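So that we are looking at the same thing, I have put the structure below in structure tokens.
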Amino acid sequence: MVTDLNTALWNTIAMFLTFCIFSFLYKDNPFYKIAEHIVVGVSAGYFAVILYWNGLVPKLWDPVFKQGKWYYLIPGILGVMMWTRFSKKYSWISRLSIAFYMGIATGVAVPLYVQNYVIRQLSSTMLPVHFQNTTGIFNLLIIIGVLCALIYFFFSKEHKGAMGSAAKVGIWTLMVGFGAGFGVTVMGRVSLLIDRVIFLRNYFDSFFTWFIKYIL
Amino acid sequence: MELVGTEQCSVPTDKKMKRHLLCKICVLIFLLIFLFAIDSFAQGTETQSTSWFNKDRLNVLLFLVLFFAFVLFFINQAKKGKSLFVRKIPGLDAVEEAVGRATEMGKPILYISGIEDMDNIQTVASMIILGNVAKMVATYDIPLLVPICRPFVVPVAEESVRQGYMSAGRPDAYKKDNIRYISDEQFAYTAGVNGIMLRERPAANLMFGSFYAESLVMAETGFSTGAIQVAGTANIHQLPFFVVACDYTLIGEELFAASAYLSREPKLLGSLKGSDLAKLVIIIILVIGVILETFGVTRFTKWFFVQ
Amino acid sequence: MNFYERLMQLDRRWVYLGVAIAVTIPVLFPFKVPVYVTPEAKSVYDFVENTKPGEIIFLAIDYDPNAMAELHPMAKAIMRQCFSKGIKLLISALSQNGPGMAEQLISEISKEYNKKNGVDYVYLGYKPYFAIVMLAMGQNFRIPFPTDYYGNPLDSLPMMDGVRNYDDVKCVISIVAGNIADYWINYANGRYKVKVALGVTGVMSADYYPFLQSGQIFGLLGGLKGASEYERLTKQEGVATEGMSIQTVAHLVIIGFIVIGNIGFFMSKKNKVKR
Amino acid sequence: MRRQLPIFIVFIAGIFMIIQYFIPHQSFEFIYEYAMDWIIIIGIFAMLLGLWSLTRASVSKVQTKAPGWGFSVMTLFGLALMLFLGFYQGNKSIAEGTHFMDLFWYIYTPIQATMFSLLAFYIASAAYRAFKARTILATILLVTALIIMLRLIPLGPISGINQWLASWILTVPNMAAKRAIWIGVGLGATATCLKIIFGIERAYMGKD
């Protein structure tokens, strides 16, 4: 891992920052504050630069000036209009850009939500129910679960009587789902921690090798 | 314009008319340019289709038209003054409770709108809730802190909060500096929010929007500061963590129902009713589909399959 | 506060310490735990085992470096199994930040088995809009990828001789983080009927069981667990097997804390009733 | 005009994008791609607003010597350094091996990865705190999570049964819960979009 002094120095900084963040588990402290404030500045700068080179240049600059697609100036102008927010008097102009953005975003979303979230889920829940094998019975359970959980999401009726019981089964189903979601995630999160611990192990490994080789 | 507010009409009517005309002409010219652009530049696209309707998507269209009709019908009903019942949603009652508690303690309220941009509808819903929360907070003199992850959300959040303060008649209490951009990066943002939680000690953390892995980091840090926490998201994979670590959680659709519930505005409540009716239709279709499928009729199910 | 109440309200830092120890000790002093092999992992393994030498499997490396910890071991195990059996690999990388990482992985493993680019494997690389790429590959691999990652025309590569589209590969195995997986199922399997197996992150795995049930995918590897099962099946114990021992201890510790909390809860409730 | 025009634009753009979905004609395909670029481009220009907001907050902290102002200097320094390194060599500045990427790999990445890994601790503490059999709902949550977690632990002969139970939970009740939530989310999100497009919900745009 430690191949040259440059990398060694960088890795030491990385190791130090790793410990800074871990120290937060004990309590808030100046080391965590250092790491926190640095990463806020660095990441904001990183994103600004990346957005410029990987966003603005290929999406606006190149089409307009290299490929002659002048009509890409229109979103460019709308983008510049966002900057009127720096002025009190003209800040209303930025609302036009916001309006375009919101219109496009919501318009694109509507059919996609209906397709992916409503109709697709609906069609894949239309399962055959039978009692020949477990699949048919499980299908029935899935359908009951979906129906009850949907009933839980009714807002304009009081959850009383039959509807109340169905809503109750619905919330139980939801809770089973959440428990499962929680349990499944633990493995992934522990993997992340293992990754960091292995980073530290490798760092100290190579550090001690180097230490023994050159100092002793 | 139906929303309550401090709207002023200082422009004389005929001048206003002229402006209206001007704006319509502008839009017309703009659309013409737009259509011209389409005609002459549509060659570079991936698909070279010349058909004018995608028949595979008829099911989506029908559902959408039905849904539009439901929502608009009930909004109309509400406008006519028909009263609409909405069941209790504990998570949303808790928002008011949280604001009340923060006021008692004289501590700030922290509002986190998730880490996605305005093109995610959850962020849009979150901004609408933010407006309602701002309205609640405005009357008491406690700061409403809104750290933000995406630059484009900043102006929208500013407008929502300002609008909320104005609706409550307290435009003077609005502080722009409390709405801060932190970082686009998920965990840099999380680090910043953690910092705010620990140093400014908000009495209430409201987290509504699209959250990812950072949900639990924020909720656990918030818990350790003793804040009352209400969260809501439609991202299923994060719901378990909010349910476990927060005092109240809005599950999925409840997040979208929040604006109607909090504002109690009849028109918005109408849309809730509309979407309930749509749910009823879905349940009926589902039952029919299951019965047909059980008896081996698969055409119905197939018709619902979208590519 | 009595003992049980205290048990119920341990300072969270004790929990943190528990987790830290659970993870650190196995990293410093590795040991092995037995792995239970699930049928969904076994079916991927069996499929590859039953593939004849010289036949082609399509391997899609569709993840970014930040999913490396979980998915790299899987990709390695599958590549090793294929190369050692003389199966040829056609490899793509459809995740935006993945191609460089995939290239490193391929050159590392191919060196181990002395396999040659163009003869024993072909690395197609990355093209944006994965859905369109998948559909186009159903027609011909040469539409989205006229050349391979290194710029060689596909027609100049001996392995690609007579290989046109999905019909000429035995199956698609996608090691994937994110929604690209859905498109392999809907497009590659749904439209072009090629057999698809997935290796996904632990968090995603729950979402893909239904596809297994409906037969849209023939096998599924989930997270580090799936990788360790595969390592076990192919008898090459690597990072995932080591990782699983840490996972096991960490899970035990977390479960232990849950049990402690509940003991505290029930006992203190009991005590209150008595009083 | 200041108030009407934006509402009008939202309406036109929204309806247009909905219609576009149903028309496979190449010119509409083109509009879709073009419109998506609009969103991206407008979003990029908004970055300056974000940077301004961040800088202003930090500078005012430094100016007023608010507690912890020294840390704000670090934020400003990190930001300025990144911006300088990202631009001073033109478009070569962000290639692998530059100082810009060094900062990315050795400062940003380790902090980001470590923040992420804190979740291993938090997931444990959250489980310890919340998974107590207080109510029926909490018990359901606790039991399912335990069954799923035990999947990873070699239990000898019970392993097979637990494995089966875990995959049953994942494929049956878990699936049902997800589908119901998705359908609800789909309806809620669509309704929210409609309210935006029809100008019923408009406070986000301000109105003076």
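Order of writing sets the labels: A, B, C and D. Residues in every chain begin at 1.
Just so it is clear, a residue touches a chain if its C-beta (ideal position, glycine included) is under 8 Å from a C-beta of that chain, and two chains touch if they have at least 3 such contacts.
Everything quoted here is computed from the prediction, not taken from an experiment.
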Which two chains does the highest number of contacting C-beta pairs join? A-D
What's the chain with its C-alpha centre farthest out from subunit C? B
Subunit C-subunit D separation of Cα centroids, rounded to whole Å: 24
So the centre of each chain is just the mean of its C-alpha atoms; given that, what is the distance between subunit B and subunit D in Å? 14
Roughly how many whole angstrom separate the Cα centroids of subunit A and subunit D? 4
Can you list the subunit A residues in contact with two or more other chains? 21, 24-25, 33, 35-37, 39-40, 42-44, 46-47, 71, 74, 82, 85, 95, 98, 101-102, 105-106, 108-111, 113-114, 118, 122, 124-125, 143, 146, 150, 153, 174-175, 177-182, 184-187, 190, 192-193, 195
Could you tell me which residues belong to subunit C and also touch two or more other chains? 12, 16, 19, 23, 203, 206, 210, 213, 225, 247, 250-251, 254
Could you say which residues in subunit B touch two or more other chains, in rising order? 37, 41, 46, 57, 60, 64, 67, 119, 121, 124, 152, 155-156, 159, 181-185, 187-188, 191, 199, 220, 236-237, 239-241, 243-244, 251-253, 257, 272, 279, 282
Subunit A-touching residues of subunit C, taken from the complex the two chains share: 13, 16, 19, 23-24, 27-28, 69-70, 201-203, 205-206, 210, 213, 223-225, 243, 246-247, 250-251, 254
In the complex formed with subunit D, which residues of subunit A make contact? 10-11, 13-15, 17-18, 20-22, 24-25, 33-53, 55-57, 59-60, 71-72, 74-76, 78-80, 82-83, 85-86, 92, 95-114, 116-118, 121-122, 124-125, 138, 141-146, 148-150, 152-153, 170-187, 189-190, 192-193, 195-196, 199
Touching residues of subunit B toward subunit A in the complex: what are they? 33, 37, 41, 57, 59-60, 63-64, 67, 84-87, 89, 118-119, 121, 124, 152, 155-156, 159, 181-185, 187-188, 191-192, 194-195, 198-199, 236-237, 239-241, 243-244, 251-254, 257, 261, 272-273, 276, 279, 282-283, 285-287, 289-290, 292-294, 296, 300-301, 304-306
So in the complex, which bits of subunit D are touching subunit B? 1, 3-5, 8-9, 12, 18, 21-27, 29-31, 33-34, 39, 42-43, 46-51, 53-54, 56-57, 60, 68, 108, 111-112, 115-116, 118-119, 122-123, 125-127, 129-131, 141, 178, 181-185, 187-196, 198, 200-208
Where on subunit B does subunit D make contact in their complex? 1-3, 5, 7-8, 16, 19-20, 22-23, 27, 31, 37-39, 41-54, 57, 60-61, 64, 67-68, 71-72, 75, 117, 119, 121-122, 124-125, 127-128, 131, 148, 150-152, 154-156, 158-160, 162-164, 166-167, 177, 179-188, 190-191, 199, 213, 216-217, 219-220, 223, 234, 236, 239-241, 243-245, 251-253, 255-257, 259, 267-268, 271-272, 274-275, 278-279, 282
